[in-house]
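We just call them A, B and C in the order they show up, numbering each chain from 1.
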Amino acid sequence: MSSAYNPAILELGNVSFSYTQGSHVIKDLSFSVSSGAFIGLLGANGSGKSTILKLSSGILKPASGTVTLWAKNMYSFKHKDRAKLICYLPQTLDITVPFRIQELVSMGLYPYDVPPAMAVDEALELVGLRDKAQAYLVDLSGGERRRVFIAMTLVQGAGLLLLDEPLANLDIKFQFELISLLKHLQEERNISVVMALHDINMALKFEKIMLIKNGSILGFGSPEEVLTESEIRNAFDITVTIRQHPEGKAYVYYE
Amino acid sequence: MPKIKIALLIALLFSVCILALFLGPRGINPLDLSDIDRTIVFSIRLPRVLISLLMGMALGASGAVLQGILRNPLADPYILGISSGASLFAAFGIIMGFSFIGTFTIPALAFTGAILTGVIVGIIGRKKGGIWPERLLLAGVGLSFLFSALLMLMLSLSSDEGLRRSVLWIFGDLSLSEWSRIPYGSVFILAGLLLAMTRAKALNALILGDELAHSLGFSPHTERLVLFVSVGLMTAASVSLGGMIGFIGLLVPHIIRFFMGADSKVLIPAAALGGGVLLCVADLISRSVLPPMELPAGIVTAIIGSPYFLYLLRRKNVLSI
Amino acid sequence: MEKGEDEVNQGAILSPRREDFFLEGERELTMTVFGSQRNFSTVLNSFCCILAPRLPGSNSQGCRRFIQLRTVTENFLICLKTAFFFFSLFTLYSLFLTNASADNAPERIISLAPSTTEILFALGLGEKIVGVTSFCDYPVEAREKAKIGGMSNPSLEAVLSLQPDIVVMTTDGNPKEFEARLRSLNIRTYVFTARRIRELPVAIRDMGRVLGAEEPSRMLSAEIEKAISRLGNNRPSDSRKKKVLFIVWPEPLIVAGPGTAIDDALDLLGVENIAGNAKTAYPKYSIEEVLYQSPDVIFIGKGMQANMREVSRGLLHKLGLVPAVKNGSVFFVSDSLYRLGPRIIKGIEELETCLK
């Protein structure tokens, strides 16, 4: 699945995981993420999307199997070195302490003893929040908050972003803004993105989709390959029709 | 900008110290010291001022750290049961009439009790290889109920002199300050403070949540343990120096956040300085308003601090909670 | 810890768990409460007594008591003025005293305060005592008596189960509500109201009459009166008044202030209590102020206790410049003056010996 030109930066091999004894949330999962990938993680609630992201970021340790980052065991990295390569943003960012945007984005520098390439200002510029550097996080809209943390990951300089439902609770406008920002970063800076999401129609715009059910991969490939009517029914237990938009794009019609 | 504010706070701290040395129930002219004045300034006021600074710093800083690691704006250094552990041990020592190391016996017992409680809370708060904020908080609250009950039981069973001494100790105050207590007090408090300040970045990350902290290159459980140890050291030393003083640990960190932001790198030293200033001023007031009587400093901290805090809460449009 | 007052002025103590926390202010509070109609009628009754002091039908102890105090100036106008002044005071007196009468001497007595326990023993009523508080430790026989709880929280059930003929209480530490509760259960009560040394002889005589120990009470009162008047005659002239501090507890520094038996004793001895101008009875005192006031003599109460010297060492070190410490005039004395009872005389004499 990883192309010959792009080496795998993250690889999960036969990973199993369970929160409680006996019942496996993730069973025998294997996949790899190559450099510059833009992957959507799709699946019903409780299918294991978040768990997969947490396993990939090293927050959770698998019961069995291997997680490798840049061909090295994930857990052999020092915390700070790992943080320079991979970055995970949780779904809920409920931070009520009055941090300023500037302060938050600068926290991306924490893994470094010597400041890295991208300055805080530059990152804020990229996400379009430069003039709000001194604002408080609590005063920003949901979309802006997401962008603050994206800026933080940019400063952190990790090549792989693992985002857990970054589109949740966002207006459709902000959803598109965020996606295009991430696409832009992917193209400009060769940043790989793995993102869990809900919206099947949004997933159709991704390069690659991983469809999850009960902790296993149903399909991993382009949206056209993976998101067939039968697979969607299998994954989500709903009946849908895939229709062709007059201008050529496919869309999912819920019945 | 934060550096200027910190410098201002330090200047404020020094001027408050000078004031506290020469003001009081009776003012003292520093240029014309009589024998009695000299005794008062050097043997009574100076150790008292230093202890109030140390205690205030410990409480302010540990409040700031604790609110961060527990991710709870209502946390204060006494919530983890450390103080009730200290009280229980001190009262036990007093009622039993222990005195193996002279006047140090009771502070030493209190310190032991506080540290022991901290360790128990830490052990109960531990699960799946890490310390969890909610477990820590609930373990602390539960343990402090248990210890308070045991303390009450002990106090109700002792009908002699020990009872009065225990009660006075628990609600103790700064009039007990002596030079001999300063060395050990400052060692533990400064050690805890330094530990907390070196882990300020980790504290910031922990405030963002364990997952983000992990993502930023910290091990949440290790960092929380280290910070918890620093809080334990500071709180234990502070309680053993002069009993329980309310308000500072809870509200000083919030007041500092109003003015200097929430960044722990600034917040921890600033809350320490702010706590020191507040307790020093409160103690000055408590021994000066009703001479020749003295009020407990904890009452004054709350009386001057709470309305100011509420005023800030109304004025400033920054939500800190 | 026998006297609730010791802790009262510790502002930090907010929870009234033990007798120690019983607030002195409660007495003042109760005086101003004229809630029920019954209270009001007793007030009226007392009022009538003042207007007609020799009214034959008056059976109120409070009135008699008042009349005794006022025999020198039986003047109608003064009575009227004082009536208003003591209006609230009388509510309490009459409330407390209406149930006590000398008709039949009680055989089973419960004492709800260490001071009254001591007086009862001194009056030879020790055999009749069936219950005391857990704080009653003097004389030694008192420790053998059944315990009914503390001063501020006596157990009603314990009191009832001992089937007392009368319950002796004090305004200095017992809750007024408890007295009301007992009376509502038709248990006789007697309330000992003296709080100063000069009030003690009269109060003891009154108590003796009610409890059927008139002769011993007269003797005890006379003894106390004799001591008071002897001291009154021997008082040194004001110009050479010694300054004295009586320390109740050294760390933190709690001293005997105004309104205490200790303050009265110091006054009788013709010395000046430097804490006499404090705002409360047992203030937490400023060490600096002691240095400035530089007392000539320092007494430390309960000095017979093993650790008191140890505990006081730090304080006395700080007070090194004070004349009392420099000249070795620091005396560890007993706790005889802590309770307003028969041991007062002994306590005064103890101080007197030290002051010579």
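We take it that contacts are C-beta pairs under 8 Å (C-beta built on N, C-alpha and C of every residue); 3 or more make two chains touch, one makes a residue touch a chain.
Note that the structure is a prediction, hence the values are computed from the model and not measured.
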For this session: Determine which two chains are connected by the greatest number of contacting C-beta pairs.
Result: B-C
Exercise. Could you name the chain whose CA centroid falls nearest to the centroid of all protein CA atoms?
Worked result: B
Exercise. Of all the other chains, whose mean CA position lies farthest from subunit A?
Worked result: C
Problem set entry | Centroid distance [mean C-alpha coordinates] between subunit C and subunit A, Å | 79
Exercise. If you average the CA atoms of subunit B and of subunit C, how far apart do the two points sit, in angstrom?
Worked result: 40
For this session: Could you put a whole-Å number on the gap between the CA centroids of subunit A and subunit B?
Result: 43
For this session: Among the residues of subunit C, pick out those that touch two or more other chains and give their numbers.
Result: none
Exercise. Tell me, which parts of subunit B touch subunit A in their complex?
Worked result: 68, 73, 201, 204-205, 207-212, 214-219, 257, 261-263, 318-321
Seminar exercise, completed: The residues of subunit A that touch subunit B in their complex are 54, 57-59, 79-84, 86-90, 93-100, 103-104, 107-108, 110-111, 136, 138, 149, 156
Exercise. Which residues of subunit C touch subunit B in the complex?
Worked result: 1, 6-7, 9-13, 17-18, 20, 134-135, 249, 251-254, 275, 277-280, 283-294, 302, 305-307, 310-311, 313-314, 318, 320-321
Exercise. For subunit B, which residues count as touching subunit C in their complex?
Worked result: 24-26, 35-36, 39-40, 43-45, 97, 99, 102-103, 152, 155-156, 159-161, 163-165, 167-168, 171-173, 175-176, 178, 287, 290-296, 298-299
